[in-house]
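Shared chain: chain A. Partners: chain B in the first complex, chain C in the second.
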Partner chain A sequence: MRRGIFLSLMLIASILVALMVGQVDIGVADLWQGLITGEGPGALLLGTIRGPRVATAVGAGAVLGLSGAIFQTLFRNPLAAPDIMGFTAGAGLAVVAAIAMGLALPMPLVASLGGLVAAVLVALFSWRRDAATPPLTLILVGLGVGFAASALTTFLMTFLPTVAAGEAQRWMTGSLAARDWGHVAQVWGLGVILGLLTLGQVQSLTVLELGADLAAGLGLNVERARWGLAGTGVLLAAVGVAVAGPIPFVALMAGPFSSRFTGARTLGGRLAAAAAAGALITVLGDLAARAAVPGIQLPVGVMTGLIGAPYLLWRLSREMERGEL
Partner chain B sequence: MSLRAEALTLGYRDRAIIEALDLDLPRGGMTTILGPNGCGKSTLLRALARLIKPRGGRVTLDGRDIHALPSRGLAREMAILPQSPLAPDGITVGDLVKRGRTPWRGFLAPWNDEDADACADALAAVGLSDLADRPLQELSGGQRQRAWIALVLAQRTPLLLLDEPTTYLDLVHQLEVLSLLRQRNRDTGLTVISVLHDLNLAARFSDHLVLLGPDGIVATGSPQNVLHPDRLMQAFGLRAQVMPDPVTGSPMVIPL
Partner chain C sequence: MKWAGLVSLLVLVMGLSLTVGVRDLTLADYVTAITAFDPYDPAHVTLMSIRLPRLLAALIAGGALGMAGSMMQALTRNPLADPGLLGVNAGAAFALILGTTLLGRADQSTIAMLAFPGAAAASAAVFALGGGLRGDAGPVRLTLAGAALNALLLSLVTAVALIRQDSLDILRFWVAGSLSQAAARPLFEMAIAAAIGGGMAWALALRLEALSLGSALARGLGTRPGLVQAATLVAVTLTTGAAVAVAGPIAFLGLMVPPVARRVAGHSLRAELLASAILGGGLLLLADTLGRLILAPAEVRAGIMVALLGAPVFIWIARSLRPGATT
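Moving on, here comes the complex of A and B:
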């Protein structure tokens, strides 16, 4: 519990620093004045420049972190995350396809459809007639679906006008540039709804952790519970992708990091901690991406990729040592 | 109250493992399903627990098809401990046992006295009250198996099914597990139905045996009636002599 409070404080501190530091640095006093009076440089940064960006980062990071923790618990595998299993790539492909075709649809809807199609493809390709699919098979099939989606995305981008293609390329890396309050409302509104849906399924997931047979013996409708949880997880990831692009590795890292850090004992606590950790990683990643090269704003995905790739390699080597791979 | 299999046919794909099996499992006793590897005893237990759908026939609880019963309702009548349940990382014994209360708890319902009582009682029944705060991973194999049994006891069902509850345990711990189940059966009238491998332990701890062979049921009834050399030959292809156990008087199988 104490560690959980510490994690929240770290998140609040990182938000403050992210609001203060950038091309123009600003003090807490100016921020506060801007918040109270609605005037001055603080108000401009809060209301237009950094406020929506940071609020989007928190929301997108939280939904991705929560999504990752759901899949990691559901498949009992630290590698099971929507960014590894191709769901975020599927969501990204759908968004780029919608842009390329000039469809004026709400991005969260498009991203969700893409994510769900990717998930159904993974389920179909790994389906076995009378045995449960091992999680590792799902992950590897997901990896393949993800590569296919990325390749199609690149293919579609060649049809876009140069400027639009550049924008799309940036977005595909995972970017928080030029976010407005509309994006904030999207990710927070949908995030809260999906968060409540997850809360309603915590008991099912708690029982599923004991294995399908015991869960069924405890009165759970196992198939329905699995699909409900996987569907919620895909939608959570898609909502994050819709506002910030498929930021890599946030969903993969948030769960294991927060569990180890907070030592949360209940599943509800672990999921909440994963959401907070996802937000923390994304805010810090964006901050680092803005501050890394003076005068250039890198997309946040570059930073989470730089931290996430070594983490993935370390995780893979550990799984191999344990004989899981 | 009774659990029955009626013309039950079970199998995977084209292969039938059990065909047109009729079985009546008495209430209030300890029943053990015995048979050679591959005869379908675990499959039968899984079908009785509604973990697999029959390809034909049905399993009834008090005359009602268990597949027609609501999942939660069934989970208040019948608990199942599968062969290898999965332990969440770092879970404590107490937290594990609490999960046995799931069928009795509503959405976001607060933890009530009955839940606490059922868990405390289950932990006491398996002799783990003092270890409730210890992580499951730190326990010995025998203690761990008892913790899982506490989980299904906390479920407070009149019927308990166990799939090979003594596998991977040494003899002392096998006796420990079977004794506590017997104790629970005597104290609370819990009906226990399990799959076991050891014929002599089964004879000693059961009121009722179901002996399966490659072609279905060979015999059912009291251990004295079921453990007969001819039937052991029929079920296992085993040449054996049966004589009363000098200590307990239950039949003892001596392979020749």
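Moving on, here comes the complex of A and C:
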């Protein structure tokens, strides 16, 4: 519990630093004054530039982290994350397709559709008539669906005019540049609804974690519970993708990082910690991406990629030593 | 019989690739272009300086990638091994962007010469990281290690490209995985590199087959596993390096070709290598030709066409692995 508080404090501190540091540095006093009076440089930064950016980062990171933790718990495998299994790639494909076709639909809707289609395809392709699908097959098939989605995305981008293609490319890396309060409202509004939905399913996830046989024995409708949880997880990831692009590896890292850090035992505590950790990783990643090279704002996805890929390699070697892979 | 079918398919694709396009040409044009070349005849110029280099580039790169895929799959006993998926292309891209930024030069031969060592370093790295040297590189491990290395290198590449606008432009043209600049690439040198790699593979094939029976048995047959693995990696590097230098990054070709080649070649790895070379060349050429046609006069890069075809094949192979075999 104490370390849970420490994680929250770290998140608050990182949000403050992210609001203060940038092309123009600003003190806490100015921020406070801007917040209270609505005037001065603090108000400008909070209201139009860094405020929406950081709020979007927190929301997108939280939904991605929560989504990752749901899948990792559901499949009882630390590699089962929406970014590994192709769901975020599916959401990204849908968004680029919508841009290419000039559809004026709300992005979260489009991304959710793409993510859901990818998830259904993964389930369909890895389904076996004779036996339950092992999680590793699911992960491999998911990787393949992700590859297919990325290939189609690249294909569609050749249809876009150069400027739009450049923008799409930047978005595909995962970027928080030029977010406005509309993005914040989308990710927080939908995030809270989906978070409540998750809360309603915590009990069945707790039972599922004991194993499908035991869960069925305890009177749980295993298939329905699984689909409900997977659907919620996909929608969470898609909302994150819709506002910030497919930021890589946040969903993969958040769960293991937070449960190791906080030592939370209950599933509810672990999920909450994963959401907080996802937000922390995204805010810090964006801060580092903005600060890395003076005068140039790198997309946040570059930073999470640089941190996440070594983590994935480390994870693989550890699973290998434990004989799980 | 199967071999005759394979070769006639290749010839058919070659004929198609040479004749159709923005400007449709007949094979008779080729005869006159070779016997009586007229530098002012646009048809002749198209043939000799655009279509023919492009055909050669596709055959070199596709054949090299097919052989590299066969070697990797034999070495790792992993049907999902493919140079592109294992981070080799990302390694080449990284070396390319770092090198052109540091050297301040970006002509075609510099690009080719930089891509080569980058591909080599990445293939060695991912093989070691995925546990390949222990001879137990499971599909999930190797594929994910490749995906991780890809992500890491591409993050670095994106960072450099966004910081330096000039590198971004170089990268945009190269990362395409396109054959449209084939004439400017060092085709002759890379054909030799691919041929040396292929020759090494041919010489190593019997020992690799012995190795696939298990290292203990291979030792008993007089094979030194470490040496064979190292030599095979060199051959993989030569072939993929050549392909990357000629055609840019192309994934999935080395994944798709070997299973089909095995159908033609049976259980002999030497025959499989030959079939992979023919099939790989033909498939890349077909992808390039289709890419020129479907959006004409715009082009879809050959790398994209191959990936659109290859991703479903990846899913199909991943799905058909027995549960025990995924480890």
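By our rule, the second predicted complex is superposed on the first by the 325 of 325 C-alpha atoms of A that agree within 3 Å, B and C clash if a C-alpha of one lies under 4 Å from a C-alpha of the other, contacts with A are read in each partner's own complex, and residues count from 1 in each chain.
The definition used in the following text is that contacts are C-beta pairs under 8 Å (C-beta built on N, C-alpha and C of every residue); 3 or more make two chains touch, one makes a residue touch a chain.
These numbers come from a predicted model, not from an experiment.
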{"item": "Which superposed partner A:Val207 touches (first chain B, second chain C, both, neither)", "value": "first"}
{"item": "Which superposed partner A:Leu220 touches (first chain B, second chain C, both, neither)", "value": "first"}
{"item": "Which superposed partner A:Arg265 touches (first chain B, second chain C, both, neither)", "value": "first"}
{"item": "Partner chain in contact with A:Arg76 - chain B first, chain C second, else both or neither", "value": "first"}
{"item": "First, second, both or neither for A:Ser126, with chain B first and chain C second", "value": "second"}
{"item": "Per-residue contact with chain A, leading partner among chain C and chain B", "value": "C"}
{"item": "First, second, both or neither for A:Pro299, with chain B first and chain C second", "value": "second"}
{"item": "Contact residues common to both interfaces of chain A (with chain B and with chain C)", "value": "none"}
{"item": "Partner chain B, residues of chain A touching it in the complex", "value": "76, 129-130, 200, 203, 206-207, 209-211, 213-214, 216-221, 265"}
{"item": "Partner chain A, residues of chain B touching it in the complex", "value": "12-13, 46, 49-51, 71-76, 78-82, 84-88, 90, 92, 95, 99-100, 102-103, 105, 107, 151-152, 155"}
{"item": "Residue ranges of chain A touching chain C (in the complex, touch as defined)", "value": "79, 84, 125-126, 131, 134, 136-137, 139-141, 143-145, 147-148, 150-152, 154-155, 158-159, 173, 248-249, 292-293, 296, 298-299, 301-303, 305-306, 308-310, 312-313, 316-317, 319-320, 325"}
{"item": "Interface residues, chain C side, partner chain A - complex", "value": "80, 85, 129-131, 138-141, 143-145, 147-149, 151-152, 154-156, 158-159, 162-163, 251-252, 295, 298, 300-301, 304, 307-308, 310-312, 314-315, 318-319, 321, 323, 326-327"}
